[in-house]
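Encoded as structure tokens, the structure appears first; notes follow it.
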Amino acid sequence: MAQDDYVQFVGVQKTYDGETLVVKNLDLNIRAGEFLTLLGPSGSGKTTTLMMLAGFEVPTHGRIFLDGKPIDHVPPHKRNIGMVFQNYALFPHMTVEENLAFPLNVRKIGKAEIETRIKRALGMVQLSNLGKRRPGQLSGGQQQRVALARALVFEPKLVLMDEPLGALDKQLREQMQLEIKHIHRNLGVTVVYVTHDQSEALTMSDRVAVFNDGVIQQLAKPDDLYERPQNSFVAQFIGENNRLRGKVVAMNGTGCQVEIDGGGRVEALPVKIEGVGAATTLSLRPERVRLNPASGHCSNVFEARVEELIYLGDFTRVRATVCGSSEFIIKVPNAEGAPDLVPGSSISVGWKKEDCRALDAAQ
Amino acid sequence: MTAIAENFGLDIAERDALKRRLRAVERGRRLRALALVLPLFLFILVSFVIPIGELLRNAVFDPSIRANMPQTVTALAAWDGKDLPDEAAFAALAADLAAANKAKTIALIGKRLNYELSGIRSKILVSGRKAAQLTQGPYKEAMIGIDKIWGERETWAVLKRAGATYTSFYVLDALDLGLDADGALTPTPAERAIYVTVFMRTLNISLTVTVATLLLGFPLAYLLATLPTRTSNLLMILVLLPFWTSLLVRTTAWFVLLQDNGTINDMLQALHLTSEPLPLIFSRFGTVVAMTHIQLPFTLLPIYSVMKTISPSYVRAGRSLGAGPFYAFWRIYFPLTVPGIAAGCLLTFILSLGYYITPALVGGPTDQMVSGIIERAMNSENNWGKASALGGILLFATLILYFIYNRLVGIDKIRLG
Amino acid sequence: MKTLPWLCAALLAGVSATAISVPKQASAEDTLTVISWGGAYQESQRKAFMEPYAKETGAKINEGEYNGEIAKIRAMVESKSVTWDVVDVDTQTALAACAEGTLETIDWAKLGLDRSKFIGGDIADCAVPNILYSTVIAYDTTKLKPGPTKITDLFDMQKFPGKRALQKSPFVNLEWALIADGVPMADIYKVLNTPEGVDRAFKKLDTIKKDVVWWESGAQPPQLLADGQVAIASDWNGRFFDAVKKDKKPFQIVWDGQAPDYDWWAMPKGTPNLDAAYKFIAWSSQPGPMAEQTKYISYGPANKDAGPNISAEVLKDLPTAPDNMKNVLYVDPQFWADNGDQLRERFNAWLSK
């Protein structure tokens, strides 16, 4: 165990019904001060993992360590972990101040100290003048801030957040993302954050654990996750992605050749393939595809037929048929000198071998 | 355009026209809403407001003496009550009694006065028959000769009071009070004073049942609210079972269980826990058990439906903030269930006030509740004044309790689900 | 929840509401509504009166049941919507309702019957006596050996230990208490008419108070006896007879000190079917039908002429059988009309202490 691993999951399994595992053999180390996001579709096991860490669910198998100590038999209220819930879970019968005082009263902190801390916490989330209100009298965004302040006011070293921004509208959500990020940076707490929103995960996290089917598919920094997905689920789940299915026909030192099912042969970077003859899915980000590539610049050049154009302001999304796939997306920046495209016309597209990752043949 | 028009966008005439149009549109909607409420309103008026008004009026309004002894009532108007009334009053009495005897309304006079002067009923009937044969005065001697009750000041005092259209007799009687010959408030003789005791007992039993249903119902409601739906539905059926069994079946079941050689007593004696059968039935215990059984769902259901709406994340939040299981329950979960507790307890308390069949069947002699007395006054004794007075006092006491309750809990906090 | 106070008031109002809301029904000349007390008693009337009468005359009879609520009759008469034509009433109702003018006065000539032939016929002017029943005590022969034989045994806790079931009313109980205290049968009401006499009766009742289970419905005492909850119970003789005959219970009635009383046919004032009601009462009061009724229930027919038509087998269980009439408490209806209200209050207050 590394010195700075604050939380450790070792071989953790969880089942509710004794038949299917919601979390399968989870090994996860979370560093002190880190902002780690558990990302995945619903039912992927991310929330269960969070609840086991909080102490509301008990692992069926395996152990969880907090700061080097096993916490299997530590009840939730003794774990000293701050938590922000999906719908805030502010106590409706208490004022904002009483909500914030709750964890401090439990800890038998002196009255004067409580007042100071509440004042500081409310200042941190910019709600200094709303302390006497009840949660029902606050807007969604304000409630969110109170929930955040409450989870932090007793100065825990670890804070868990369970889709805390899910109920907010887009603009407010983006603003809160930044605020949470700032607070994290200023306080230096460790944050474990659960979300199903990949852009939120990429924006906020130091590292992201992508969950699917009870298993961490990839644990990496946001840019790694986007640029270098290790399997086709991650490639598909994070960002936009062109998929080309085919069969590996040849391997060489740094690349491989893949025969596309819809026709054509592509030079790709082997990432997760089982060898010559195996089926594979090629993953290619739309912004890495070039129009009319200069000769020699791209190892893969194909004819494409423009099917549809979607104007998005800063760029245009082009749907085209490439190698038999009619769902092939190309992002064309609306910069000076952008080519004039017409649906039905034929163009030439190309991409580099390194940008085209040969991954497992997912369904 | 004027400055005003610029400020408001419209000039005054235009604004008035706009308001008129708005009113026209809203009038139609208001009328439709009224039409929807009207049937309920009429129903409540006919089935509720009018009977309650009638009930309260009956408690103080009794024209039987004024209607059947008009001359005597007039003659007594000037009587100072210090001595026996004058000859004119006796003459009026003789005339009234003779007329009532002929019209067969004399029994109503006798019945009314008998409430206050026990045994006077037959004396009045006899006086009526004999007064019909009197043809000339002096009536004072003649009437006293017929029966010496007419020579007693108290008889006349009662007659004068009863002759007023509105009487305080029934209400005072229902509070174990009465008026003596001088019109002073006196308590009912101890051997007949019962109503205050019964009122207190009614409140006492209702309160006990309310507390019992709360103590039993709260944990059960919690269990029902947290169990998976299929299991909780099964349990819910058990809770609602008393609703689906007739009073007769339930009573028989309690008998089998609670009587001296019933299941429970047999078991206690077999285990040598008691040497003699415990008085489980025909006692306060039996009454409270039976009433609690029926009332449990009324207390439980509002609590249950409120608990259903409480997200488990509240308690989890409390736990994560450092509160132990009990502290989190007491400071977070419990306060959130108070609206349901308030509704359930109020419902059970008020419904309990109206019980009379169950206490009569499984209770002892000291468990009779006020509704039982009202029922008997109404149906058997035909004394609607007493029934109304007792009903009115019970209503009034309930409203006072409701008011106090509102101050303590806040009616706006009550929620049925 | 603003409806809660309404709810509570509605419960209180319910008492008066039920008395006021009486369904209105149209009835033709040849249809008749007869109301009685239900149970085995009404069953006997149905077999002896209603069914044969309907068969013989072609009249259509609607039957109903009530629990003796005089208030229903009063409400009907006062609102001038009388839907009951013939009602079976007890003595107190017959007298009270008559005095208040809510019953038709009986025209014996129109009835075509001889008033002097009816036991108790002169007690009430607004009703025709139909049966004579009796309040008696009984015991379980398998549990009390030997059993009580006199009404005074009811108060003898030494000789006959065990609980008693008595009606929750001062009626008859006060009289029995005085008998047990040594007052001669003839002087009962003379003594009870004085405050000291009332005190004396209650004092005697005090001696068994803690051992009494008070019943309100006539169905309770046989059950209490059968369950062994009480050793001796009071009830109307027909109830015990029914338990012996139908359920084969080993009960023995003690006829000593029996308190006979009457049930009556009466007609609410203003019934639209007055003639038909007269016809039905006249038919049912003949010796034949009255004797027939004794086959179904052990109550004595009020028509003295019915006596010879009754078999010895049936007769021995009737209150009117000579063997059963050796020591009878004749209840004074006038006394109870005068003093019932206050004695009931006092009785309830006494119970509460």
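Order as written gives the chain letters A, B and C; numbering starts at 1 within each chain.
By our rule, contacts are C-beta pairs under 8 Å (C-beta built on N, C-alpha and C of every residue); 3 or more make two chains touch, one makes a residue touch a chain.
By chain, with names taken from UniProt: A = Spermidine/putrescine import ATP-binding protein PotA; B = ABC transporter permease; C = ABC transporter substrate-binding protein.
Computed from a predicted model, the values in this text were never measured in an experiment.
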**Request:** Find the chain most remote from chain B, comparing centres computed as mean CA coordinates.
**Result:** A
**Chain with minimal offset from the mean of all protein Cα atoms** = B
**Message:** Measuring centre to centre with CA averages, how many angstrom lie between chain A and chain B?
**Reply:** 65
**Asked** How many angstrom between the C-alpha centroids of chain C and chain A?
**Response** 86
**Prompt:** Quick one: chain B and chain C, Cα centre-to-centre, how many Å?
**Reply:** 30
**Fill in**
Listed in rising order, the residues of chain C that touch chain B in the complex are 1-2, 4-17, 19-20, 67-72, 74, 96, 98-101, 163, 168, 193, 212-214, 216-217, 220, 223, 227-229, 334, 337-342, 344-346, 348-353
**Message:** Which stretch or stretches of chain B touch chain C in the complex?
**Reply:** 44, 47-48, 51-52, 54-55, 58, 104-105, 107-108, 110-111, 114-115, 118-122, 190-194, 197-198, 201, 255, 259-262, 281-282, 343, 346-347, 350-351, 353-354, 360-361, 364-366, 368, 371, 373-375, 378-384, 387-388, 391, 394-395, 398-399, 402, 411, 414-416
**Item:** chain A-facing residues of chain B, complex
**Value:** 311, 313-314, 316-325, 327-328, 331-332, 335-336
**Request:** Please name which positions on chain A make contact with chain B in the complex.
**Result:** 54-56, 75-83, 85-87, 89-93, 102-103, 106-107, 150-151, 154, 160
